[in-house]
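Below you'll find a set of structures to go through.
Look for subunit A in each of the two complexes below; its partner is subunit B in the first and subunit C in the second.
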Partner chain A sequence: MNDFSLRVSKNIYIKAISHISNQKPLSEEWFEEPIFYSQKYVRSIEPDYKEYFSLLESRRMGLILKRALVTAINVTRKSKIMNPDAIITGTGLGCIENTEKFLTALIKNDEEMLTPTHFMQSTHNTISSNIAINFKCHGYNSTYSHCGTSFDSALYDAFIQFQLGEIHSALVSGQDELTPDYFKLLKKIPYLKNVKVCGSEASVSFMLSDEENGENIAKISDVILLNKPEIKKMLGNLKCNLSEIDAIVVGNNGDVENDEIYNNFINIFDVHIPVIQYKQIFGESYSISGLGLYTAAEIIKKQKLPVINNYGGKINKVLKKVLFYNHYQNKNHCLILLEML
Partner chain B sequence: MDELILELKKEIIEALNLEGMTPESIDENASLFGDGLGLDSIDALELIVLLERNYGIKLENANEGKEIFKSIRIMADYIKQHRTK
Partner chain C sequence: MSIPIYVTGLGIITGIGNGKSENLQSIIDYKSAVNKIEILKSKHSEFPVSEIHLTNNEMCEFLGLNPEEVHTRTCLMGRIALREALQDANISSETKEKIAFISGTTVGGMDQSEQFYFDFLENDLKNNYIKAHDCGTTTEMIAKEFAGDFEIMTTISTACSSALNSIILGANLIKTGKVDIAIVGGSESLSKFHFNGFNTLMILDKEQCRPFDKNRAGLNLGEGAAYVVLESKEAIKRRKIKPLCQLLGYANTCDAFHQTATSPEGIGATLAMRKALENSNLQPEDIDYINAHGTGTENNDLTEGTAIMKVFGENIPNISSIKSFIGHTTSAAGSIETVISILAMINNFIPANLNFSTKIDEFNFIPNDKNIKKNYNIFITNSFGFGGNDSSCVFSKIIEK
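Take a look at the complex of A and B:
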């Protein structure tokens, strides 16, 4: 394993975040008053899309494209970066709803008379390209589809592009929709079979920049993404000592096998460290790690812990460094270190 | 003819996902493309598929579409003359 952290020299800042999820959309209300679900499957709460585009403009967009565009519009407005150097999207399933419509029509019409719209907008990279068309961005445009580390891969790419000096701003997002039929299929395979939190959807956009100013939310100090690493060695390569970390955000979801990996990770740290299990709020989805990083960033911004934590009571220390950890089926593992500005 | 126009309007609203529009809000004499409904080339492809699937009309020459898709009334008139189902 290379010591990548030695090559980390540039600071990268989160300038704005926006989400559409199973919580109140485009809002930070979930941090203080999350909505808890007992159902096994919950779709996202939609904002009023008419505030963002006309019916004629949005009529060809599936839900995932509308969500992606609205969160993208929000972070461009908040950050005032209207034309980012890179648009990088992580999505596990891509435009699955349009794919289903297209394939259903294919069967129904005996492979004849297929309409173009659902086909055109059924690919994974439709999301990034749709955002680019909307903002007239002709720069770097990429899509990562790596199941539960799709968002992490997108962020890692942005991180490297920044380090190489190729870009100075990037819109990085995690986007996944989950249809009722696909949820039924996922419930039959290990991914969701034994999960206790709800199956959900995620749309979360981050605007990143290497420009330091008072309006930034947090600094991304390090990103490490590895396949089948030794976790302790991976943590050893992180750009800080473990004793400096003030809180950790992890993805326990009630599946014993999944949680064992997170629990082993938690046990490496001091027993008193605050642990936040964000999937208790946002549920499980291929791109849910984007909402995990969002949780970590909000902790730094608000200097508070969300309701779901092991700490109890009020925290009376400055939360300078928060570590986010994600793994997908104990194969790909990602660490993202955020720091207070 | 009026029944066919109403049916066609409903089918176009569904096929092109014209959310918020009703058959009453669409002028059957207005242009479908450009200033009228504001449809585009992808919609033209959807309309070609609609004609074949619902009325058994297969347009051999794409240029025919330019005339047929001028308005819903002209489209309905063409369907009335050429439908096979």
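Take a look at the complex of A and C:
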């Protein structure tokens, strides 16, 4: 422990959130009237890109870039923070559609007649840098790619830089696209093999600031990201007593091994605590934890629960503190504590 | 109050050697690894590369791993470098400090995916390699080299600046007291995917690259891995370990200009160096050596040199790019070049910029084409990536007791 850890931590406010997912895009409608899918694979519902890009721009960008930019544009507009100090993206697979296109051409044409466009837009950092190019942001710019905790890593980086006073605003996002072919591949490996919710895509942007003035959705009081922790100990490190937590948001997805970890977590809490399983709505994706945090933030803002499996709606208590918990294959675990303002 | 960050261990594998001493010796002997392609099964043998002359099976043998299990080249190289870094810093499963492992990669498991991609789609023969494809799994597989537990683990993928950004995150984790030690860097094997990708951009040189030369004609790709062990003052006291040098400061900025080209005035590069100096509490004249990104492409070297002249003015410190020795090791470049620069600094010399002959007209400086014997204290290292992901880090000999 150095002197720093003894200092009081800084508050971070969520100023705006925007998403493109399997629910109505750029809209909060999912909270009241979610679309439930029985299919195993569902792509995101696209917004009308004509409102954002010319036809030429639209054609030049892959889907993941367009989605990322549209959610980024929306949070900058809503928060009026046009030039955030940091742009940090989490993506498990990066620009997989362009990667596939370049890879397929490479194999089929035996390393001949390849075009640069798909390669240029195949690297993971294309997303963050495309956002920076659009807003002319010369500040901190980074990309995390760590499986199902890519978004969590991005948020964690922002969190510690806020603590250090290095940044005062950050655009943090989670971005993953899933092509039909790559869905097929992921179905063959443990990641999606036994998952019961749909395989999906996620694009979700958050604008964060340490400035309380203006509109805020919720306050981020704590973020903990640990590799193979003891969960009870991890919860003990949280800046909050467990009895103060009013609801928890968790990532059960129907896979027995995945769900067991979440169930053990839920069992640590009082039996009456509301438990929201956001993947029932949004499905599974490497960046879906971004939509999990979004769910937790909306619960605080709306002071009610999304309706999932006849459970939820208005409940008879103030939802002051909501804890979001994400793990990836019981390796990386992330806790994010949100508070009402 | 600035919190000091110490370097207590290094691990490296590149085309010019496996381990610190081989890499150091090759630089001293002016031995470049940029040669005709041998290990990578690509038909474009007209472009030389810097390869590690060990097959994946030979790397398994070196590491004592079963070659029948699933390995990717990026993971194997990463494990070799991580093993040396752990030993160098005297870290074992007995070490009681909280340790983070932050690794950078973009290629990940692509060297296998590009061989088996049609198997992935059409049959179940190579399914085990599907899960080894992504960057995060790559880091987790490299981490298996450590018998203990890492407190924090994640993966950065900002193309050619990934490994420097790992160093930056690791330092921030120590500064905020999240960990006592951070093992940071990156690993990147050659793949046909990015070799061909760079070829489509027409920025590969058919000769050994010539950074900062008027007649430069592109870059050579290389492969390798390196990790730097960063440690807090408290931890080195508790562990009674002697640090090698210090990380004084750093910056991550964005050129925000174009996906694969740099702004002519070098906005991102200038900002990265200026902010890193500011973060280190230094003036430009305090820098003794600039370890440049210097890829050898028309675009990068002109922009980087322009930025260097903006930051350092008339008195440009000694400057060199070591990419003509090891090639451009992309996501691992930041940590590989940091390790080699640290080795050079503590051995009191400035490494050479091979193949330089003619000054660039717009420049007021030339790189040193020979190793220069010199006792100096501080260097800055640059890594600039696609999309304008520009980072700089400043290291010094031990100044704080």
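Here, the second predicted complex is superposed on the first by the 326 of 341 C-alpha atoms of A that agree within 3 Å, B and C clash if a C-alpha of one lies under 4 Å from a C-alpha of the other, contacts with A are read in each partner's own complex, and residues count from 1 in each chain.
FYI, a contact is a pair of C-beta atoms (placed from the backbone, for glycine too) under 8 Å apart; a residue touches a chain by one contact, two chains touch by 3 or more.
These numbers come from a predicted model, not from an experiment.
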For the combined arrangement obtained by superposing on subunit A, do subunit B and subunit C clash, or do they fit? fit
Have a look and say if subunit B or subunit C is in touch with more residues of subunit A. C
For subunit A as apex, the angle formed with subunit B and subunit C - C-alpha centres, to the nearest 10 degrees: 70
Mind working out whether A:59 is in touch with subunit B, subunit C, both or neither, as first, second, both or neither? first
What is the contact status of A:114 with respect to subunit B (first) and subunit C (second): first, second, both, or neither? both
Should A:106 be classified as contacting the first partner (subunit B), the second (subunit C), both, or neither? second
Subunit B versus subunit C as contact partner of A:11, first or second or both or neither: neither
Overlay on chain A, subunit C to subunit B nearest C-alpha distance, Å: 8
Overlapping contact positions on subunit A, where the subunit C interface meets the subunit B interface: 114-116, 120
In the complex formed with subunit A, which residues of subunit C make contact? 1, 3, 42-44, 101, 106, 113-114, 117-118, 120-121, 124, 127, 130-131, 134-137, 139-140, 149-159, 165, 169, 172-178, 192-194, 196-197, 199-201, 232-234, 252-260, 267-268, 271, 385-389
Sites on subunit A touched by subunit C in the complex: 1-5, 87, 91-94, 99, 102-104, 106-107, 110-111, 114-116, 119-126, 128-130, 132-133, 135-147, 149-150, 153, 156-157, 160-161, 163-164, 166, 181, 184-186, 188-191, 225-228, 331-332
So in the complex, which bits of subunit B are touching subunit A? 15-21, 38, 42, 45-46, 49, 52-53
Subunit B touches which residues of subunit A in the complex? 55-56, 58-60, 109, 113-117, 120
